[in-house]
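In what follows, subunit A forms one complex with subunit B and a second complex with subunit C.
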Partner chain A sequence: MTTTRVCIDSSVALKIVRHCQESAPSIVAGQLLGLDVDGELRISHAFAFPQNAAGGNPNSDDGLSLRLKAVAKYQPEMIDHLKEVNVDSNSVGWYQSTVLGRIYNASVIENLAVFQEKNPDSVVLVYDVAGSEVVSDTDPSSTGPQGHTTTTPSGFNLRAFRLSEEYLNVRKSGKFDTATLTENNLTYHDVLVELPVEIKNSNLATLLLYQLGQQYPNSPFAESSFSNLNVSVDPFLEKNIEAIFDSVDDFHYDQGNYNYYQRQMTREQAKITQWQQKRKAENAAREKDGRPALPTDEWKRLFKLPTEPSRQDNLLISAQLNEHCSVIEEFGAAVNSKLFATQGGLL
Partner chain B sequence: MSRFFAGGSDSDDSSSDEDLYGSGSESGSDFSQDEQDGGDDNDDDMSDDSMFADDSDDDSDDDEDLGGKGASYFLKSSTVADSDDEEDTGKKTVLSAKDKLLAELANCSKLIDNGKRINDWVLIQGEFDKLNKAMERFTKQRHGLPPKVYIQCIVELEEFLNTQLEDKAGIKKMNASNSRAFNTVKQRVRKNNKEYEAAIAKYSSGGDVAEEEEEENKEDKPKPRAKDEFVLTAPSQASNEEFTTVGKAGKALVSPTDMFKTLKTVLESRGKKNTDREDQVRQLENLLPSASTVYQKISVYTMLVSTRLDLSSASAALAPENWLKVVGDLNDLLSILEENIDTYHVIETAPEIEDVEKGPVAREDGVKLIPGSVASLVERVDDEFTKALQFMDPHTTEYVDRLRDETKLYQTLLRVQMYIEHVSDEKDTLGLARILVRRVDHLYFKPNNVINMTEQIAWGGVKGDSKATPRPTEKDLTSSTYPTTLISNMCSVLYKQSNTVFRTKAMLAHVYHYALNDEYYKARDMFLMSHLQSSIASAEPQLQVLFNRTLVQLGLCAFRSGLIAEAQQSLQEVCSSPRLKELLGQGLAKYAQAGVVDKQRVLPFHTHINLELLECVFLCSSLLMEIPFMAAHNTSIDAKKKVISKLFRRMLDYHERQVFCGPPENTRDHIMQAAKALQRGDWEAARDLVCAIKIWSLLPNPEAIKAMLTDKLQIEGLRTYLFTYWNHYSTLSLSTLADMFQLPVKDVAAIVAKMIAQEELPGSLDQKTNSVVFTQAVQQTKLQQLAVALSDKVIQLAERNERLVAGGYQFDKMTQPQKRKTQRAR
Partner chain C sequence: MSETLQISRVAGTNGAPTHVTVTAQALFQILDHALRREEEQSKVIGTLVGIRSEDGSEVEVRNAYAVPHSESEQEMTIDLEYNPTMLALHRKAFPKEVIVGWYATSSELNTFSGLIHDYYTQLDGTPAIHLTVEAANLADTLLPRTYVASAVGIDPSKNSGNCVFVPISNEVKFNDSADRAALEAISSARESPERSINLTSDLANLENSLTQVLDMLERVQTYVARVISGEESSEKAQQVGKQLLSTLTLTPSLDAQNLEALFNSHLQDVLMVVYLANTVKTQLQLSAKLTTLV
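This part shows the complex of A and B:
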């Protein structure tokens, strides 16, 4: 049974954030280690992959390739060392930074598939550098009284993803054509499944934070924060729209391909129908003359139907677009109320 | 060994080629004396117009020999002793080679028979191939009809094949390779036998086709050519006694018979390798004094001119001395022709002369027609001249000296033209057109006074008048309208030609001439009405070059007339191309392997259009167009996509990226700095920079051009200023603007009104205060712009999706609602 929740140790979360933030805008990645306990994936340790190997170009869409030689050597060695000092040495996925939620690209999917093959519980933890910047002055580790909090897209943006069953099934079949997609009921909505992420502090740390909040009511440790009043809208939206531009262009391109395929297909099918009718007429004539009928399924040999272009790109681009749109939607919902508030002088 | 003997026998082609070198000089001298078969053959050759056509040099020599004359002549000569020896050896080779081939054929056929017996088709295939190869060699060497052995073999083979084909079981039994060979042979035999159908028919009708021939040939050793088609009968005595006549100067006068013989020899050796052309020229020159009748003179001169022209080669032009001699000869010929214009006509359409020595028979009106073409001669002279200029360094005095000869050439052209006009039919204007095209070629790119001068010199040395281009009067030659009339006259003849090349050339030259003389609208209208732009892409390169030249000249003309937008448009395509030089025929592609043909396309230097001036004009026009345009569009989101001239933008970008800009050095620097100044609204600096360009002095009226440019800079400066800075103003007084750009207030008002009318500027003119009131529109934020752009994109996307759903076609609700249902869901 696979896990349904992800629980991160706060120190690990901070480590990830620090690594990603500091190396922005280049994309970085690292290894996650942990255990699964009662349907919960507990991430207890993380270490960064070597920068030169994992350091992708932020402008390139390809993301980064984790299966480089350097990483392949570094990773097991590091795990061995950690094992010696009694750290969980069970690989449970990897984390990586991203900009504006651009995670739907072939390399991420590919890597994730490889990880999940080894360990079905593997996840990818995505830390969105740009998404977190907007409200970066929000305390990322503000915790509720219980010591647990779920992260939100705005603000501290750490999310866990795993490939869906449907996707894996399609992948197994090796064909990304429309029929397979329909058969497996795979849409762009469920290429990746998001898992809820919890950040867990040790009880002592929770206690300390609580105490500090009591002692200094105006400090950042307190519950209230003025940063919630930030109404800067444009920069974030601009970036997102620009990202959408890119995706839309990609989508156009992909659609063009598919369009072409469709035209070819109709043309071929028209030819086949023509041929079949001709054959039928011929057979009718032969029947009259008392000769044996010619086979009617010869068209399979005579005509070659064009192969359908892979729908994987389309899936990913659609998912990416969806992602962007939902980010804007959520952001808009939050900002809208703020704007109304400022207008009505409610604060 | 002389190739003339070997010609029939050599089994090895390459060796015969080598032999040629040895035999060249010998045969050359021998021919002059040893020819003695009379008029019949001379006849053919004289009428043969091939002297004007391109003789194909590369024809295999064997073929020529088989034509037979050269060889036969030589064989009959008894004067040269050693040639007899050669004759013998030559014949031996003939036999052995032929015999060898025959033996080979026989051997092959025997092997094929063997193969047939054991049904070994692989063997048969191999042998059949060998047989055919041998046969091929046999035919190549022209031993005559296919030998009996061969015919017999292929006929039998076919019969055998047919019997085999009936034996279906037998075929099935064959193994794979054997049956494959069988099929191949079957196909080849059928194909092959078709070629020898006649011979096979003869063979099967019982006659021994080539057998008799063979036998006879063998018996006929002393006269191996007896069976030849081109046999020449009655070899006469050597004509040594003819050399007794001695002229005044003590030179031997050549008898008419010998003269024509020499002419014939020269004619025959034309286009062949290893002929000593200089020697031939000398021979012909020697003939001149002995030519007594008009007919003889004409014959010798025509031959002399073309032989002399042959001295040039593809890669080198005729030497100037030789060229001048050719022109001299040609003029002499023309003088003779002009003197005897009532009795002799040299014309291309003339019938062949029956008796070469006696000359042509007179027509009813007493005119004797001689086949030949003066037009072709003068065309070749012209070509040689162009070639000489092409190969010369244009920056030397020699080039200029050489250029002076053009007047002579032009005069000759004029004479030829008048002669042709006189001689040829009214209706048949082709010859006239050929000359006129040459004349137009010499004139169209020249300014009026140069044309007048050329004409004056040309007509000065010529008597008579021409219908197509009437003799100009004194007054004409000083007037500025004469050249235009002249070109129009010439072109009007050319327009009537059925050949499109003439028409196109005339049209382009005509337009070019108009453009050169600042008649922009006339030139443009003609250019557009010709619809050449749609067909020029398929024309020959020279015409394309002329087209480009005309287009560019049109652009320059527009610029001189102050029509900046038109100039920019015309020049845009050609000037933006990295292959500008190639397009204008003024240079070769940079890294391409330039062949001789490519080099010939390059125009001689004096016809070139100055490229620097061209660039300067183009950049200036681009500057005046692009800068206001950039200012007007710099805010919009897709500013980068809207570009008038990419080349100019690129240069401007490059200029902007420079860390340090020194004072302008070349034309481009000047223009780029002027562009920057204009962008700031500093039109005076821009004017100074543009006017400082030295190359304007190449234009006919530099001061007027500068004044025009200043004017344009003021206007475009004003527009640029308004575009750039309007949003900083709420109102702007027209008089201030007029002061800033030193334009009359009325003009400023007009410009501003136009801008407002075209919605380039948001605002209105206030008549009372005489100022512009700007309406400050709410500026879109970047986010809003993005959102608008996105909505556009998404609409496109939606449309496309709809199409996808409709199955790849534009979805149309009205007509194909059912289609949608049939398509699968995406």
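This part shows the complex of A and C:
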């Protein structure tokens, strides 16, 4: 029985946010520690991986690589030390920053598979730093307390993912061809499963929040900044559309490969049919003459069918593209109501 | 307090920090540690890491990690190997951060505090700070207190651990754009009895914000109505009135027709983008369905 919800301690959430934001735009990652309690994955501690463990250019496709080898020594050492101060020493996955929800790439999937092999409850927590980056690119005037949230739809974008059963089954079989995918009922919709995320404060933290709210009346502890009422929407949409373009390019490239394979396949099959008919005719002639028939399955030796290219890339690109589109759709719904509200307010 | 500060400087804490900024994250970390202490432990301690300003007068505490220690009436032990290894591990991930001091989860300062403080000052060679959060006695405030130490006695080298803890000012840092959204989310969790919050969809958040704004508008309206009817004092009302006026002048002075045209074109842009996204999605679905057929 695996867990179906993720519950993050507030100290962990803050730690992740700070680590990811401080290092943006480079991509960073860290270890999550926790326990599962009644179908709920409680993440109670996290620590950052060394900077060289994850890295690269966030705009390239392999930007999210997490080099597991680089942390192989670091991770157990850190866990040993944390054990001494009563921290849960159970690995439950890792967190990492990302830009515009780019999560569907081979290395994330690969790492997740490795983690889930060790502990089926493992998740990857993805924190989207896109907002702050977009602001600094396009609108220097809006830096400030709310600057970060102007372009990110919800401001605080932390999501948990896990590989689906279907994907793991296909992976186990080692073949990513159409037949296996259909057999296991795997489409791009269900490569990753998103788990609902909840953030929980300890009693002490709740008390601290109240006291901080009293001490600093102008702070996020005391009031909302209403940043989600901001109507500046263009930069975010722009970035997302660009991301869609990129993904569509990738998709086309992959589709091109597949089309080539399909054409090759049709050609070969046509040849085989031809050969089979010829052999049939020959055999008919031989039968008439009373000679023994020639074998009809010789074509297997004579012709070599092209192997189907792996469908994994296609799956991932499709899923990523779908993700970008969903983000825009959701965002659009919220933005439209905001725009109408503003319009109503001003007229 | 300022007098004490001056005396302490004469006494030789030259270059000691006078102001401390603490990130909310470090505070939460400390509280988390406080919750994990052994039952018989009255307090736990740990290392504060962060950044010093160039002249050393200000310290920003960015992170904290726990250090195992045990303390009784007579004696106290700290694992001396733990701290340096942990620091080395931490600095692999955050190379810029250095040790700035130590924390304890009790506001009580005793002789051991002096000894620990000495140890931390020697670790880095710069004056360390001490931060306490009272996590045991909840009647007291949970807000942090910060100190620097100044040596007491004629020859400080012979009297290790003899020092006076001098309070210095501190503030909790939250204005960082990175934290704000997260802190808001976490803060809103304090209202719920489960002490938790779901990271809900944008629309639900938006609705919340809108009802909040509506409430606030209503409050202003009732206030204005009361001023008009003469129920409120005039001086305060004048100030509020001025501020309301200046807020209202922020509305752009565009005529309705122009405004509508602008809004509509913008709206159309957004709708177009959404439509595009929708089309791409449909194409994807088609492509996936067709491939399996072949």
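By our rule, the second predicted complex is superposed on the first by the 292 of 347 C-alpha atoms of A that agree within 3 Å, B and C clash if a C-alpha of one lies under 4 Å from a C-alpha of the other, contacts with A are read in each partner's own complex, and residues count from 1 in each chain.
Operating definition for what follows: a residue touches a chain if its C-beta (ideal position, glycine included) is under 8 Å from a C-beta of that chain, and two chains touch if they have at least 3 such contacts.
It should be emphasised that the depicted structure is a prediction, and the values quoted were computed from it without experimental measurement.
When the two structures are aligned on the shared chain, A:25 is found in touch with neither subunit B nor subunit C. Contacts of A:306 after superposition: neither subunit B nor subunit C is touched. Legend: residue contacts after superposition of the two complexes on their common chain; A:11 is shown touching subunit C, with no touch to subunit B. Of the two partner chains placed by the overlay, only subunit C lies in contact with A:213; subunit B stays clear of it. When the two complexes are overlaid on their common chain A, residue A:259 makes contact with subunit B while staying clear of subunit C.
Once chain A of one complex is fitted onto chain A of the other, the partner contacts of A:39 are absent, as it touches neither subunit B nor subunit C. Judged by the touch definition given at the top, the superposed model places A:242 against subunit B, while subunit C stays out of reach.
Here subunit B and subunit C are compared by how many residues of subunit A each touches, and C touches more. In the superposed pair of complexes, A:49 makes contact with subunit C only, with no contact to subunit B.
Residues common to the contacts of subunit A with subunit B and with subunit C across the two structures: 178, 233-234, 237, 241, 244, 248, 255, 258, 262. Looking at the complex, you find that subunit B touches subunit A at residues 781-783, 786-787, 789-790, 793-794, 796-797, 800-801, 803-804, 807-808, 824, 826. Considering their complex, residues 23-25, 27-29, 31-38, 44, 46, 62, 66-68, 79, 82, 85-86, 89, 92-95, 135, 138, 141-143, 172, 174-190, 194-199, 201-203, 205-206, 209-210, 212-213, 251-252, 256, 259-260, 263, 266-267, 269-271, 273-274, 276-278, 280-281, 284, 287-288, 291-292, 294 of subunit C touch subunit A. Subunit A contributes residues 178, 233-234, 237-238, 241-242, 244-245, 248-249, 251-252, 255-256, 258-260, 262-263, 265-266 to its touches with subunit B in the complex.
The touching residues of subunit A, when paired with subunit C in their complex, are 7, 9-11, 13-15, 17-19, 21-22, 30, 44-45, 47-51, 74, 77-78, 81-82, 84-87, 132, 143-149, 152-156, 158-159, 178, 181-182, 187-188, 196-213, 215-216, 219-222, 224-229, 233-234, 237, 241, 244, 248, 255, 258, 262, 314, 318, 321-322, 324-326, 328-343, 346-347.
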